[in-house]
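There are structures below to look over.
Shared chain: chain A. Partners: chain B in the first complex, chain C in the second.
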Partner chain A sequence: MTRSVPLARRNLFQDPRRAALAVAGVAVSLVLVLVLDGVFAGAVRQVTAYLRNVPADLIVSQQGVRTMHMSASALPDGSIERVRGISGVAWVEGIRFTTATVRAGAGRQLSYVIGYDTDTGRGGPSSVANGASPGPGQAVIDEVAADELGIGVGDKIRVLGRPFTVSGLSEGGTSITNTTTFIRNADFAEVRGPSLSYLLLGTEPGVKVTGVARRLEREISDVTVQSKEEFVEQEGLIMKDMSADIMQIMSIIAFAIALAVVALTLFTATLSKLREYAVVKALGAPSSRLARTLLVQATWSVMLALILAVALSFAAAALVAAITPNVLLRIETVAIARVAVAALVVGTLGALVPLRRIVRLDPASAFQT
Partner chain B sequence: MLVLVLDGLWEGVRTRASIYPDEVGADLFVAQRGVANFLGETSSLSRSVVSEVRATPGVRFADPVRGQFVVFELHGKKIASYVVGYVPGRHGGPWTLDAGRRPRADDEVVIDRALARRHGLEPGEVVEIVGTRFRVVGLADASAVMTGFVFVTHSAADTLFRTPGTTSYVLVGASNAPAVQDRLENHGLTVFSRDQLAANDRKLYTGIFGSALKLMVGVAFIAGSLVVALTVYASVADRRREFGIVKAMGATGRTIAAIVVRQALALTALGLIVGMALYLAVRALLAQIRPEFTVVLTNAGLLRAIGAAIVMALVAAVVPARRVAAAEPAAVYREV
Partner chain C sequence: MTPTPPALIARNLTKIYGEGDLLVTAVHDVDLEVARGEVVLIMGPSGSGKTTLLSMLGGMLRPTSGTVVVDDVDLTTTRERDLPRLRVHKLGFVFQDFNLLSALSALENVELALNLANVTGADATRRARDLLERFGLGERLDFVPGNLSGGEKQRVAIARSLANDPAVVLADEPTANLDSKIGHEIAQLLRQLAIEEQRSIVLVSHDPRLKEVADRVLWLEDGTFKDLARMTTDPVCGMAVAQQDGPHFQFDGTTWWFCASSCRDEFADDAQRFAERARATA
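After this line comes the complex of A and B, so read on.
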């Protein structure tokens, strides 16, 4: 009975230190892609956090406005009354929105400022970890921002150019770009005028949300109506579309590094074993067998590197969460799958240079001294 | 190369973050109380503030501009842009034009040339911004950070954002800016010099992108170190016998380790030269295909890259140097 020798694995791991350096080199290149992807995936998650948590079925905005992040929406006067009159609408809540800074002493945080009706609580913070909803002249700020500013409940801040007292601390409202501050609708209107930015709608039980949306679009022509899910998707697309180019550039650079590492490792490992390969060839092994050996080596290198890269990326995510809670590193399965496929392609490409050398190898060189 | 590109992107963020206050030609900027940035924040002032500023002694000009980020769609992609509304013939509009002319009517727009190039827009074409159609009449070099400026008339912006009777900022020209700033502040207005506003915008943007870019630079540094380490290690492994001879001839482990370190340094120096060439190529390529990503090389950036390369070489030399220094001189006499 014969047993095939795992030549590829043995050759690759004969020098464990070289193998470790190679795997680490490829892994770090892959970490670069995973971390960048994770930063943007995290940003999408953070940017859509407010909208995902509002209790609305439909969201109405100014005509042509489909997003909240980096956007401004001003609804026509009387929109709320017109929407209220549409059949199937159970409740309507107007919120006011702008982007401004929250100041405390010398500290500043860029923030969404949201004015909402504190009586119903709709459109306000999804959870207040500490303190209470804002009263007149009061604000709820996110706990991460409060920590950065070194303030707590009862402290003074400046928002929209006027002083507020912090009445509570909310959770999950700080992203890589900004935090979220909630004030009463009346306070917002006092500083920025009466215009409402968005309407949050709840539909009556048993009524189809799409049907209500269609009725709204038909009867009120100068607004944009979207389901909450559509709005969240549109919001996520801002980050995705803006980051697509930078992701592409960084991925190409990172994969080029990974390619260089794989090619270098396989090339040097092959060169140092040329005599052995010549012996295998002299014993009758076809070039395809040796090519397979190289491809197996490449696969081993990139798969081990991928495992290490995923582990390192999760470690980086935990570290980033501990050091800078406003940056969310979200390592998604789809990103890992994408990187795995790309890594295998890179590994195959990296095997091409030593492959040429092996295919041209003269079996007689095994007997040369 | 990666370190240089990331460093260059960082410098690009710094340069582009403050392009409006840097280039628009105003000495002072009046904003709403509590607002400290041009980009990022929304400022709202009564239009009467413009007359108040104009009446202040020492003021050469006082022109209103409305500024607001918007997100619109082109070819199915979300485009984040900063809309500037200004009074035609006054300050606040595009500082240079690459093609066409400045907007005169409320349905005309000048757009950033990088945005135009990316979406194949030419003067004469129509774009829809916040549900309103505008005809492109000119292209300007006006890219900010991952976004571009678009310029419309102030009245068009008022209609677009439903904010009649207000403006966002007042741009002020003054021969003695500090004195005028004092006078305006004494009237209770919030006033920034060009440098103050530019510094605030740079701080805001570097704060947003800082953590992520620093993380990326850290990973790039580790990747670079590992590539150098692998190369040096492979080279050392191939010359085990030669190192054995040197050791057999009486060289100490420290001498041999020094050889390895020198080798790593030489390799890194070569890598730096090649990396520099690749960096210039990537920068030229980016300028062609994605001009909105500005990559700027400064002397400090170059020094940082050299410093990083030296540290990388030293870190990379540790594993191979330890291996060679620990090698037995007798290895030279063995059959290889």
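After this line comes the complex of A and C, so read on.
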């Protein structure tokens, strides 16, 4: 395409201060959306960190239970033996799970408490930064929670109503909502009874995971079988269900602010140039061409705002990570793409009001003084 | 040899606004022909219908009745959506107050007019540069209007009006806001365009200085052309005025006509000086 005079760009940047204010105004609104989305994505990432790191191919839970978060699962007695007997299953590990409060002195943290077999280590912390796996009467807590509770290895905590000594500090187990504490399966069973909550299982090499899952479902009717990926997805969905309304409201407010800024900026900019638009019309520009100019102007505004917003959001993510390690602000590409599309829609809507003025503009008004 | 038809023909042109008690006839039964290479100056008091007439001649306003033919195309029967394209190719416009686009450079202002005719890229730049250089603006191509003098702005506006080689140029008060020297230069430039390029130029103005470049002067008042033989110039402000029913003053055996009683009173205070100046100018 051959170059034409970039009227939209020239108009937009003729007054750099006004352009900067408009772009900044829209950018702030988009930052709000991106940060909200980032907090949510970070929280999902953190909440599912344990599941993503367990070595299992399949996870078996009580029938109808598909998540850990906001759920309680108790498997029927003998489940582990029945699962072990299914063809293609290489190993099975039972874990116990509940949500409880970890107390240390006056401090308290809401925590997933996971009982696991410390001999195999399956279902335990993916990495212990300091100290060792828990022995009898011992617990591994996440280093971020330990820091917030002001405790370290060797200190005492209370979990499930009884004291434990911290044997080690794990990594990556604290989220915006809770932390993770690991104890021995036997200690968990002593307090909460013998029922297992979930079974983690690995399949034999070369065996199709989906095939094993189907066999499990066919032969053991009173459990729910999901691949690790499905379980992680379900965990993300329950997080989304819990926060969808507030996220949606906040996003709508942010986009409404962006829309108002774009519309107001374009409207005032158009009003201040009505005479010039009339001249262009008088010279022979059809309304469609002027409409295109306005839309290009709106697109420039929101795209520059988006670039600024993405940069500011990444900066905010880095800042948040430095200040509060238990909050993960995760700016995902899909969120940027979603915001970009929404921003374009906002830009287009923002251009509609001035567009109406331009379409109705009388070219003969170019002759009026 | 077939005579060349006029570039602009207006027949029985009438424009009525409103209806009932609020009915206003802005232009009434106007006939006008402008030959190729001819400069026609239309003068008249404020509210006489000049802008309405210009808008109709420029294809921006539909007449209530009558026809406008520009370069053999009847604007009054042309579909509304085709009028912009006709304005691009058949008409050039010079507006009062220059009306350049403030965010664009001189070059871009002219290029934009070419873009409207689908001339883009290097071709548009070359044509725009040639026009501006021809009008002595070769050193001002990248200047935005805010950094140009009044005369320079008007020359850019004239260059813009010629961008698509129109048959007719309509100029609204082209010398307003210009000092007398620059106004004279612009007037001469328009005359030159008519002679050298055989363009028809319609000037609408209060400025009597433009009479010197016009082949014909028409007086529009109350929406109709009046007998120019009955026109004279207010010796105080220089405006063209009709020799009828207006403020007038007898001095030195002559009846002097004025645009308003304030001019008449000013004349009466120093009649000798104003009369001598008027005779010298004439």
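Just so we're on the same page, the second predicted complex is superposed on the first by the 364 of 369 C-alpha atoms of A that agree within 3 Å, B and C clash if a C-alpha of one lies under 4 Å from a C-alpha of the other, contacts with A are read in each partner's own complex, and residues count from 1 in each chain.
Quick note on the criterion: a contact is a pair of C-beta atoms (placed from the backbone, for glycine too) under 8 Å apart; a residue touches a chain by one contact, two chains touch by 3 or more.
None of these values were measured; they are calculated from a predicted model.
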Following superposition onto chain A, is the placement of chain B relative to chain C best described as a clash or a fit?
-> fit
Once the shared chain is lined up, is A:Gly78 touching chain B (first), chain C (second), both, or neither of them?
-> neither
Contacts of A:Ser29 with chain B and chain C, given as first, second, both or neither = first
Would you sort A:Pro16 into first (chain B), second (chain C), both or neither based on which partner it touches?
-> neither
Does chain C touch more residues of chain A than chain B does, or is it the other way round?
-> B
Reported in degrees to the nearest 10, the CA-centre angle with chain A in the middle and chain B, chain C at the ends is 90
Given the touch rule stated above, what does A:Gly154 touch, chain B (first), chain C (second), both, or neither?
-> neither
Look at A:Leu283 in the shared chain and tell me whether it touches chain B only, chain C only, both, or neither; answer first, second, both or neither.
-> second
So, does A:Pro205 touch the first partner chain B, the second partner chain C, both, or neither?
-> neither
In whole Å, chain B and chain C in the superposition are separated at their closest C-alpha atoms by 10
Go through chain A and flag every residue that touches chain B in one model and chain C in the other.
-> none
Taking the complex as given, what residues does chain A use to touch chain B?
-> 15, 17-18, 21-22, 24-25, 28-29, 31-32, 35-36, 39, 62-67, 69-72, 74, 76, 98-101, 103, 108, 110, 158-162, 176-177, 192-193, 195, 224, 234, 237-238, 240-242, 245-246, 249-250, 253-254, 257, 260-261, 264-265, 268, 271-272, 316, 320, 324, 326-327
Which of the residues in chain B end up touching chain A in this complex?
-> 1-2, 5, 32-37, 40-42, 44, 68-72, 77-80, 128-132, 146-147, 161-163, 190, 204, 208, 211-212, 215-216, 219-220, 222-223, 226-227, 229-231, 233-234, 237-238, 282, 286, 290, 292-293, 319, 323
Any idea which chain C residues touch chain A in the complex?
-> 51, 54-55, 58, 60-61, 81, 84-89, 93, 95-97, 99, 101-104, 108, 111-113, 115-117, 120-124, 160, 172
Given the complex with chain C, which residues does chain A contribute to the contact?
-> 2-5, 7, 10-11, 13-14, 275-276, 279-286, 289, 362-364, 366-369
